[in-house]
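Chain nomenclature is as follows: A, B, C, D and E, assigned in order of appearance, with residue numbering initiated at 1 for each chain independently.
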Amino acid sequence: MDIGYYPGCALHGSSNDYGSSVRACLNALGARLCELDDWICCGATAAHSLNHMLALALPSRNLAIAERQGYEELLAPCPMCSMELLKARCALTASSDLREKVSEIVELEVQGKTRVLNLIQILQKIGLDAIKQRAVRTLKEFRPACYYGCLLTRPADTVQFDDCEQPSSMETILCALGAEPVQWNYKTECCGAGMTMADGPTTLELSHKILSNAVAHGANCMVVACPMCHVNLDMKQADIDREYDCRHDLAVYYLSDLVGLALGLDEKSLGIDRHFVVKR
Amino acid sequence: MSRIGIFICWCGENIARNVDVERAAAEVADLPGVVCSVAYKYMCSDPGQSLMRQKIVSERLTGVVVASCSPHMHLRTFRKAAAMAGLNPYLVEMANIREHCSWVHHDRQQATTKAVELIRMSVAKVRANAALQPISIPITRRALVIGGGVAGIQAALDIADSGREVVLVEREPSIGGKMAGLSETFPTLDCSQCILTPRMVDVGQHPNIRLYTYSEVEGVEGYVGNFKVTVRKKARYVDMDACTGCGQCWNACPSKKNLSEFDYQMGNRTAIYVPFPQAVPARPVIDRDACLHFLKGKCGICAKKCAANAVKFDDQDEVITEEVGAIVVATGFKLYSIDRDQASSKLAGYGEYGYGQYPDVVDALQFERIVSASGPTGGEIRRPSDGQQPKSVVFISCVGSRDNAKGISYCSKICCMYTAKHTMLYKHKVHDGQAHVFYMDIRSGGKNYDEFVRRAIEQDGAHYHRGRVSKITQENGKLIVRGVDTLVGEPLTIEADLVVLASAMQPAGGATELAQKLNVGYDEFGFLSESHPKLRPVETNAAGVFVCGACQGPKDIPESVAQASAAAGKVLVMFSNEQLSREPEVARINETNCAACFACVRACPYNAIERAEVRDRKGQLVKRTARVNPGLCMGCGTCVAICPSKSADLEGFTEQQVYAMVESLV
Amino acid sequence: MSETITRGALLQRVSVWIGGGKSVIGPRQVKPANGSGQEVPVQYGRVASAEELLLSGDTRPANSLKEFFFPRHEKLYGYQFKGRQIELTDTEQPSTEQIIVGGRPCDAAALPVLDHLFNWDYRDETFNRRRELTTIVTIACRSFDSHCFCTSVGSSPVDARGSDVLLLAVDAERYEVRFVTEKGRRLLNGATTTANENATEPAAPPKRFEMEQLKEFLAGGYERPEWKTTTLRCLGCGACAYTCPTCHCFDIVDEGNAAGGLRARNWDACQFGLFTLHASGHNPRHNQAERQRQRIHHKFQIYPDKFGETLCTGCGNCTRNCPVGLGVLSVVEAIAAAPRENQSQK
Amino acid sequence: MQNELRQTCRRLLEEGTVQVVIGYGDGTDGQTFPTFVTRRDDVERLVWNERCYTNLATYLTRPEILALGKAAICVKACDERALVVLEKESQIDRSQLVVIGLACSTDGVKQPKCEACENRTPRWANVTIGDAAGETAKTTADRYAALQAFMQKTPDERMAYWKTELARCVKCYACRQVCPLCYCRQCIADKNRPVVISTSATLKGSFAWQITRAFHLGGRCIGCDECTRVCPAGIDLRLLNLSLARAAEENFNFRAGVDVEAEPIVGAYSERDREEFIR
Amino acid sequence: MSEQQPFEPKIVAYVCNWCTYLGADLAGTNRLEYPANVRIIRLPCTGRIDFNLIIKAFEMGADAVLVSGCHPGDCHYTAGNFHARRRWILFRQLLETMGIDTRRVHFSWISAAEGKKFQQFVTEITETARALGPYQAYREICQAE
């Protein structure tokens, strides 16, 4: 199975561990990731606060490239990227005038035909049975708190993924591999995201609450599918511990990490060795 | 040959100032078919009318044109006058030379010319007028009331008290509706059951009321004055006539752990049960899905205990036909549930409130039962999960209501009031407890209503926070309610023991299906549509069908009762005559020419056109045709415009009349 | 030895007539093709210039010549309301001279047949006036199609009846001229030359039925099933009657408004279901078979009985214009060939 | 295919499933004409070729044909749409009718309408004979190409065009009689109290008639173009039909007879119908 | 009308009984003056107004036609104006194709409260018709024999 792959800046940069993890995990499941040629920034948080058309044009160009390269589906593991791409896709499919205008701006014909999927959707597509079949070990020792963050399920109309307030798709996958996810309360709360640069203390507070709730409900690790969440919960965990004088000691995995482990991949190839908090 | 009389009114100076009425009278005197043309100072005055009556007789007029003011003003007047002189009133037409001429055209020359043309047009029309007879429809002077809540009870009693028979259909085993389950009512805090149950008893004992409980309206045929209604009486497995309501059966029933519908699943009942002690009729019903006799084929203890031999396990549904002349719909409401699964995809549930997975998040009606002396907790305020007395209760307003994201844009109107009531009842019972209310606006218009809310805040110390709740989570047996107080401008987290949702009011289940059977319109939310929001608030566009109570829109008890009495009044007005007299200006179909495409049937806003068959004397089908039911037709003429062969025509505005008018514009 | 005229000389005469205010009528293409793929019909009509005329002798216009004598809508008189009085105004009699150039002999042959009808119990001034004002130059048909059957009704491609002049194409540029009437001779006076060339007689369509057999059938076969079986597909339109050179049924209508109006004579057609509908609602002809039977009877029995002429010239327009390929010929062929043994059955 | 058609019809008549087959028969010059086969031995009269123009659906509402008994009717994919409309308008009972679908060859029946043909194989027939590889790659633009070209003219030019064209109308009503959807028992054009449409074949009468004919087919015309084909005066009535078909498609997303589920737009409305032209 | 007099357009208005007719009544009650060219024909509802009436008006020499009724949702008969609106959408397209001057066919919603709107709109269409001149094209059609 060939899948169009849009890594976005994070998976090539600060979160290259996520990039490694996604590639390794999906490869092991027989999916080949074909990175888009000449992809550009999705616009992320910056573009839509500056210029509406820019925020539309940036992801649209990526969609145009995907269409030209003939991908019916495009994986964008970063929820910010997939949300921006989906927003653009919705706008493009709704208006032919807009399609024409945007095509002119990005200098590529764009229809908005390519479907955009997040990591969980790719795994669902591969299918639980297929994953289970290839699994070589159980994840029994993991009691993860699955954390979806603010973007994976929102805006609900645009992303149309899982239940906006009470998602459960990661749990379903992990349960199938033997893990025992915990029920907890902060699945879709905000971790602070990009505010980490502008307002450190608020981000620390938000992330602290998330970690605390996970621990309080018996989690022994956390699973995410977003590079930004990982930054705030893993990289910043030491700062949180310091600020709140506590010790969460909660390893934060990407979903692909745990699936990869079940498939028998080693921590290094999944990039787990590049995480900050090491599993006890 | 027509003999038309033209009567031109001066209207004092109103017309005569700008229209040369004498010249106009002279100019139209020679029109074909005109035998007299006179001008008079005030046509609508007694002498004016008697002039017209004299001329009708002396000139043997076959048609009259009064050129004066708007027909909306005096057409009725002049038609009545003509009728007094023995001329069919529908042979009178008016030319509006005041509002449409003298008052708006100040050039005397132009105004006079136009007046002459307007008169000529009316003369052309009246020559094609036909003598019409009012349509009379015999009526069955019995009413059907659908729904036995407070509105239905009120409507039924009002009609029955006036001496007319009423058929009251209620789908639950007892009448009483939502009000029977309420604790106390705002703004007086009088006990709901205390004021309702006597009226329920009145219904049960009224000689003019035929009560069908545990029954549903299955089909409605016919039209105003002549409805044929089929009612399905669901099998009750108890002989209503034999049963004395002694209670031996339900006291002995071994199947005891069945969730009580009346207590909104917060208490239990037996398999053979009465929903609540004051039920009317006070006769039990067997829940087939819970009864051991039906589930396992053994038991039958109730039958053994019954001294009256009233338990009938072989009872069957019964279908009854009732003939009635008017129908009052009072099917009431239900509360919006925050569940994930909703009736329509437009209505999304509230994941942030936990989709009902926390037992201590209850809705307002459940809270009513918790507070009620007859409720599952015996009136003590205890929360469902562990029976503890909640020390901190959060009330959330506008759950669903006014929330476009959840698909409901309207205000449910009563929540502000009952939420205030809830905080008071809570405080009166849990003195050391604290009530919190999250609200968007407080809407407390009504007699003594705002004072009531102020009391809740000022005397009973409820904390009102203007803002929405974003999330409810559960931690260590507490409900963590996170919201915002926009007046303070800060996020707010409250650790609550119980959360009460003031969920939106929705039409009761099945209301739209019933509306379809009755041909009554309904809005996008399923509330039934009244005929006119101001002037015909209890009528519907289906003649003879009236609405009252919350099936028409959110409303509180006094409003429901008032509307119910209004609907009953309308029914009684209808019943005050043996025949229903209707304007004859209705559509008719030329059945010989009708091609039976039935476009008119689709288009008719009143479902007044039916598919019919023409048969010969031997009963052989000759042809199919559309046919107008004059009892339902309101005379809009939409069918005429839509009929390609013009087999449909409209009395009073026939093709012949309208074309004659246009063709007079030479 | 015969008179001949060149095409050029004829067209030149036509130009002179047009220039002189005369109405020249002949076959012409009704409009340029608009690319829609729809066939562009040839119709008789008044031409604005001589070049429009199609004079090859191969054209079969979709209409007939009757409308230039008996128009589809003809005002009989006007009326105005004057107070309580009604004032009538006569219509002006036609005065424009008409010259028909390039008519088919079968179309022209219909006119003497119609003369009987318009001069029977009532002499129709307008029709006769137009007949007098009109000179007819026909061209013998050089070709025929499968719908032509003039020979079956006693006519032929060179039938000069009803024509004032009959032209026969010698080649693409010259016609042999046969003068039929003095009026015709006057019309082309000086334009013809005498030459030693005669046109070859054009081929005539084969005879499709025997008139005797047909008459026999009509006399005894009123109830025969063939009426129904051969006409089932009739849709009941007026295309046959309106393009027929001899059909002449009309309806009298009043059209007006509150000021006045006119009384007019409009074409009508016997195949319309309402043609015989009585005011009572009764319709003596219930279905298309009965209407078709009436049509054939009228043409081949009633009219001949009354006026001694067949009301059909075999032009074939009825079939050519019929939406479903029905026409006098297909009905008549079928019944004339019907087995005789059934004849006695009623 | 022709053989298969004849076999099918023979079987239907033999089994008594139907009493009459409405199909095409051979005429002179390779023309075909509507034919009605009531005896199984007459099925040899049935033909199927590229000259089978007529939309036979028009016979389904005629008393002469109804009197023959239960019918089987041959339809092309284009004609078939008429059955959908007739059923919606309660004119036929589909259960009392056997529909024999005839798939067109790639050339269709060589009529202008075949240029924009989208579907050569009938979709709702009880029996389909032949297979013409389903849909063709035609777009909305192809459908309305002729109209589009015509609408390039100015309004005055359009008016002038219709004046010349309708001057030739003799009111033979072939357009009406051939139309499968003109089934009124008495046409409004034949009424005289009041005179809605002047019965005279004058410009006034012909304008009123053709406007009425076109409008009464608005949202109903299925584009079989029979009216245009049979007009002895060669008037391109198709343009009028197309303009209303396009209006129905653009405004109500409706095409008559292409969707058996879709409710007719005549006699219906939406609260969201456009109204920018209303003041 | 003698040739020296200025051209006075003839305007036929088909209006519904419950809104626009009353709107015109209100214009009268408020003495709102407007040109005297319009001739109002009262029908129960716009749903009753057939397209043939518009053509008939032109045949009678109208230079402009107005069709007016209740605003959407206000119909006395709940839906007559919705049916009418749908017909007008189609009919306008046909007029366009026929080349009939759509500047002479006006549709409006005028409520019983909109006397002012009635006055303004009638004035406007009268002036438009005056500027366009007599509808010669349709008169020619009606006079052709």
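One rule holds for everything that comes next: contacts are C-beta pairs under 8 Å (C-beta built on N, C-alpha and C of every residue); 3 or more make two chains touch, one makes a residue touch a chain.
Quantities reported herein were computed from a predicted structural model and do not represent experimental measurements.
Both chain B and chain C are touched by D, E.
Taken together, chain B and chain D share the touching chains C, E. Looking at B-E and C-E side by side, the one with more C-beta contacts is B-E. Chain D has its Cα centroid nearest to the centroid of all protein Cα atoms in the structure.
Taking the mean of C-alpha positions as each chain's centre, the chain lying farthest from the centre of chain C is A. Centre-to-centre, using mean CA coordinates, chain A is 57 Å away from chain D. Look at where the CA atoms of chain A average out and do the same for chain C: the two points lie 85 Å apart. We define each chain's centre as the mean of its Cα atoms; on that basis chain C and chain D are separated by 30 Å. Distance between chain A and chain B, defined via averaged C-alpha coordinates, is recorded as 52 Å. Contacts with at least two other chains are made by residues 56, 60, 79, 83, 145 of chain E. Among the residues of chain D, those in touch with two or more other chains are 186, 188, 195-196, 198, 202, 267-268. Multi-chain contact residues of chain B, defined as those touching 2 or more other chains: 592, 603, 642, 658-659, 663, 665-666. If you check each pair of chains against the touch rule, the ones that pass are A-B, B-C, B-D, B-E, C-D, C-E, D-E. Residue ranges on chain B touching chain C, taken from their complex, read 30, 32, 120, 124, 592, 663-666.
Against chain A, in their complex, chain B makes its touches with residues 340, 350-352, 354-355, 471, 473-475, 480.
By the touch rule above, chain C contacts chain D in their complex via residues 30-31, 34-41, 43, 62-63, 72-73, 145-147, 228, 232-233, 235-239, 241-243, 251, 253, 255, 264, 266-267, 269, 272, 274, 287-289, 321, 323-326. Remark: chain E residues 60, 145 touch chain C in the complex.
If you check the complex, the residues on chain C that touch chain E are 73, 75, 257.
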